[in-house]
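Order of writing sets the labels: A, B, C and D. Residues in every chain begin at 1.
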Amino acid sequence: MKVSYFPGCTLKTKAKELDAYARKCAEVLGVTLEEIEDWQCCGGVFSTSRDEVATKLSSVRALKAANDKEQPLVTVCSACHNVIKQTNHQVQTDAEFADKVNRYMAPEAPYSGETAVYHYLEMLRDLVGFDKIKEKVVNPQTGKKIAAYYGCLLLRPNKVMQMDDPENPSIIEDFIRAIGAQPVIYASRNECCGGYVTMESPELAKKKSNAVTGNAAAAGAEMMVTACPLCRYNLVKNGSEIPVVYFTELLAEALGVKEDTNA
Amino acid sequence: MHNKNQYLQEELLRTSGVNPKKCMRCGKCSATCPAYDEMEYHPHQFVNMVESGDIEPLLNSKSLYRCLSCFACIDRCPRGVEPAKLVEAVRLAAIRKQGANHLKADDVPAMLDDDIPQQALVSAFRKYAK
Amino acid sequence: MQRIGVFVCWCGSNIAGTVDVQAVSDALKNEPGVVFSTNYQYMCSQAGQNMIKDAVAEHKLTGIVVCSCSPRMHEATFRKTAAAAGINPYMVEIANIREQCSWVHKDMVTGTEKAIILGKAAVAKVNLNTPLTPGESPVTKRALVIGGGIAGIQTALDIADAGFPVDIVEKKPTIGGKMAQLDKTFPTLDCAACILTPKMVDVAQNDKIRIFSYSEVTDVKGFVGNFDVTIKKHARYVKEDICTGCGACTEKCPMKKVPNEFNLGMDNRSAIYIPFAQAVPKVATIDPNYCNMLKNGKCGVCSKVCAAGAIDYKQQDEFIEEKYGAIVVATGFNPISMDKFDEFAYNQSKDVITSLEFERLTNAAGPTAGKLLRPSDLKHPHTIVFVQCVGSRCDACAEKGKEYCSKICCMYTAKHAMLTRDKYPDTDVYVFYIDVRTPGKNFDEFYRRAVEEYGVHYIKGMVGKVTPEGDKLKVQASDLLANKQLHIDADLVVLAAAIEPDKSARPLATMLTASMDTNDFFTEAHPKLRPVESPTAGVFLSGACQGPKDIPETVSQAGAAASKVIGLLAKDKLTGNPCVASSNELMCNGCSTCERVCPYGAITYENKEFRMPDRTTAIRRIAVVNPAVCQGCGCCTVACPSGAMDLRGFANSQIIAEVDAICK
Amino acid sequence: MQVKEYKPLIVAFCCNWCSYAGADLAGNNRLSYPADVKIIRVPCSCRVNPMFVLRAFQRGADGVILCGCHPGDCHYTSGNYYTRRRMALLFSMLDYLGIEKERTRVEWVSAAEGAKFAATMNDFAEKVAALGENKRLEDLRCKR
């Protein structure tokens, strides 16, 4: 299976491991990630304003590129996924916006939101299947108590993201089970870490991050997984009691390809 | 009641797609807001104040830059009002004015550390500057 | 050819002031079929009516046109006159020359002109009238009540009181419904069981009432006065007539780990069980999903300990067919699932409960024997947060919850808060509200007492997130009046979940051809004036199946439904409206279009033998209208593609004749 | 020869439960509307067969209006919804045939809306009068 892949800027710099493991694991699972040529930064955060057009063009270009190859578009970073999926939704539902976008880009055929956008996790669940992952696991992560940290961007706004139940999600928990570990459910898994406001107000980010990690630790978690580099940064920087890793790293470990990547 | 901000109000409602009349004043948006304590005007007040045309205080408030875009108020609002979209619209109305950027490039180096991901930087620029 | 008499009324000067009545009666004299035409001061007076009667006799009239006030005013009067004069009452037509002519037009010329045209239209119609006789159908003097909660119980008792036999069908093993699960009732705080269980006993002892418990309605045929109903009685593996309800089996049953639905799963029961001490009928029921004997043939303890020999592992579902004259729907409500509202952590913590669960926690017969202990560690909670409007009053596009106000939550929450503070004054009680709605006798006084005398903290705002951490529930909420975000460490959180109609209601509505709204509440025949009747004749509504209701309202609606049923069953025969649809079987091609548009399910199909011109016979499917069910709207007549369907009294030919007369 | 003042001919179908009662109420309150409007009583607006409308135009009517209960208030629960759909189809077809949209109308008038009934009829009659005689569908063989 071949899919278009949008890594995003953070995965090329500060979160290289998130990217590297994602590629390696996809290979093992029989998925070819074809990186979109000349992709541009998604902008990190989606503007819900209907008159904000130019900042969304990079996402539409990526979507269009995937559509031209008739492939679904896969992202690993939660932020990229959120921006691209919301942009796609806006193209689908807001005719005025779609018209403006197509005038800007002047493509041969207008783009109207045909591309299916998957987060890597959704790809694992819907295109690969957690059962298949279970079969491919060589190092089951037995005994590890892992707390899934969804943050905001994977689940919300639910009307658009449609990944999982926004208040009681299970996709990462199912993933944790698939690799043989034990998920820890805690209430703050879909609360905000403080996001980009960490730049201006580190105190706010600290308060929010500590509430999340504290809640996970109190629930008995030994480790947290996330899909978002900014979440991980906020949680780690603000002194999480327990390690925070990318889900792809755990997947690589379970599939027995972690060392290769480091080499 | 005379509304001196009628034009701006209409613009905000149009670009955000929010209908503040749907609000039933339950305050769940402000109950769920993670940035509440750092805000001078809270999500439910954005809805109220835009509806009544009392928009200047919002334009000049740092509350605009404290919204985390976590969309919690959007998902949990029982009436589908989606306050975050209104915050976003007011924020754009503020920073689109000339020289009104909230974040200047010169300020950035002081905010950085070795680990901060690009994502934070581009997001902040999206949110704080035009 | 008809022999028509035209009678133009002056109505004093009401008509004669703007319409030249003499000109009208003269003009209509020459219309086809008219053999007599006159005018008179007050046609509706005794003298006027006698004039009509005399004219019928003298001129051998077969049809009557009265040019007078609105038919809504005196159509019935003149029909009676016609009947008294010996002609069919449906041979009378009224031309409305008062409300729709003389009163709205100012000058004599136009008024007279229009009155003549209206008269001509009426004459044209009468020419095509046919005598109509209302159909009659017998009434089975037995009522069916579906649902055995307080609504069904009260309806059944009231009907039985009037001397008519009633059957109650209840899907649970006992009657009693939601009210049996409640602790106290607002605003008087009397104990629910104390006022409900005597009524349950009354039902059991009333020889006019039969209870089919653990049963459901599986099929309904027929129509008002003549319903044929099939009731499925589920096998309870206990002979109902032999079991004494001693409870020995439930004590000895080795399978004790079955979640007890009566206590909403907060404790366990045995596989053979009696739902609660005052159950009616008080007989045991074996839960086939948990009984080892039924599942794998190993056990049989209950049959050994049963002194009466009531256990029957071989019992089968039983189908009972019965005839009823009226059906009352009393299927009640349930709290909605909290799955979509997990920001309140209902699925994450045992100490986040619904209000109905709170009722069981404070009930002396509940899992904690009436002590308010939180489910997780059985400790006394010191801080309790009540959240109102969970899932009620949601916008349709919010994709979760219900649009309506569940109506009962404000009052029961005030009750819970008050009772908690009364029994445990050391407990802090917070109630988060959007609005407090207390329209009811002594309701607002009750809520104010909770605040003023019992010190319940009412906070205008909503809870945004509940985070279980350690043994606390961290509640994040807004206080809108103080413009603050609150953080409360609570021990127990109680959610006032919205209520929704029971899931059995929709399939039942389909069986009954009774209409429902988008929320699956049954719709009433008229929202103000016929609130306990369904638009489907013979089907009545009682309790929360029609909309959220508290107990006093439910009981009064139950009584109202019963009185409607009694009114129906008291009749020996039902007289219908003769202006109903009928199908011309030679033209009908059996396409089912009419059946689909009929709001009353009045149209069925039958196969009928027809003699063909070549002396063979052919069987064709044709539509048949049940005149007792048809209400005469005429929708089917327009839908019918072959023109077979027509409406008596308002036939296609009659309306076209009116159009032609007006356009001439 | 005397030139007759042009008077439109308007056929109004009114449902028995709401609109006919609304028309009566207009009368009770002495609210005037043109005498050109002639009302035919039907049990429900859904009783009106498109054929009746066509017949009226064929016989020289200049406008046809249907009045029924407000959506949701139909005495027969759903009849007026059928009316709405059927007439939308019929009127668009008539429009295609050259019967101007202003000559046809469906209006919801409740039993309490006497004033609305009169206002509707005044407005409708005025619009139809402005269009002049309907010649498109009129069957000259039926000419008076």
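Going forward, a residue touches a chain if its C-beta (ideal position, glycine included) is under 8 Å from a C-beta of that chain, and two chains touch if they have at least 3 such contacts.
This one's a predicted model, so the numbers in the text were calculated from it and none came from an experiment.
Chemist: If you tally contacting C-beta pairs, which comes out ahead, C-D or A-C? Let me know.
Modeler: Pair with the higher count of C-beta contacts: C-D.
Chemist: Any idea which chain sits dead centre by C-alpha averages?
Modeler: The most central chain, going by mean C-alpha position, is C.
Chemist: Taking each chain's centre as its mean C-alpha position, how far apart are subunit B and subunit D in Å?
Modeler: Here the centre of subunit D sits 53 Å away from the centre of subunit B.
Chemist: Which integer distance in Å separates the CA centroid of subunit C from that of subunit D?
Modeler: Once rounded, the distance between the two centres reads 35 Å.
Chemist: Based only on mean CA positions, could you tell me how far subunit B sits from subunit C in angstrom?
Modeler: Each chain reduced to its C-alpha mean, subunit B and subunit C end up 48 Å apart.
Chemist: Listing for subunit B: what residues touch at least two other chains?
Modeler: Residues 37, 72 of subunit B touch two or more partner chains.
Chemist: Please output the residue numbers of subunit A that touch at least 2 other chains, ranges allowed.
Modeler: 158, 167, 191
Chemist: Of all the residues in subunit D, which ones touch at least 2 other chains?
Modeler: Not one residue in subunit D touches at least two other chains.
Chemist: Okay, what are all the chain pairs that touch?
Modeler: Applying the touch criterion to every chain pair yields A-B, A-C, B-C, C-D.
Chemist: Please output the residues of subunit B touching subunit C within their complex, sorted ascending.
Modeler: For this pair, the touching residues of subunit B are 22, 24-33, 36-37, 42, 44-45, 72, 76-81.
Chemist: Can you check the complex and tell me which residues of subunit A touch subunit B?
Modeler: 8-10, 13-15, 41, 43-52, 55, 77, 79, 151-152, 155-158, 166-167, 191-192, 194-201, 204, 208, 228-230, 233, 236-237
Chemist: Write out the stretch or stretches of subunit B touching subunit A in their complex.
Modeler: 14-17, 34-35, 37-38, 65-66, 68-72, 74-75, 82, 84-85, 88-89, 92, 103, 108, 111, 113, 115-124, 126-128
Chemist: In the complex formed with subunit D, which residues of subunit C make contact?
Modeler: It comes out as residues 70-72, 96, 98-101, 103-106, 110-111, 113-114, 117-118, 121, 515, 523, 535, 579, 597, 599, 631-635, 637-639, 647, 650, 652, 655-656, 658-660, 662-664.
Chemist: Can you name the residues of subunit C that touch subunit B in the complex?
Modeler: Residues 343, 389, 393-398, 401, 434, 460-465, 476-480, 483, 485.
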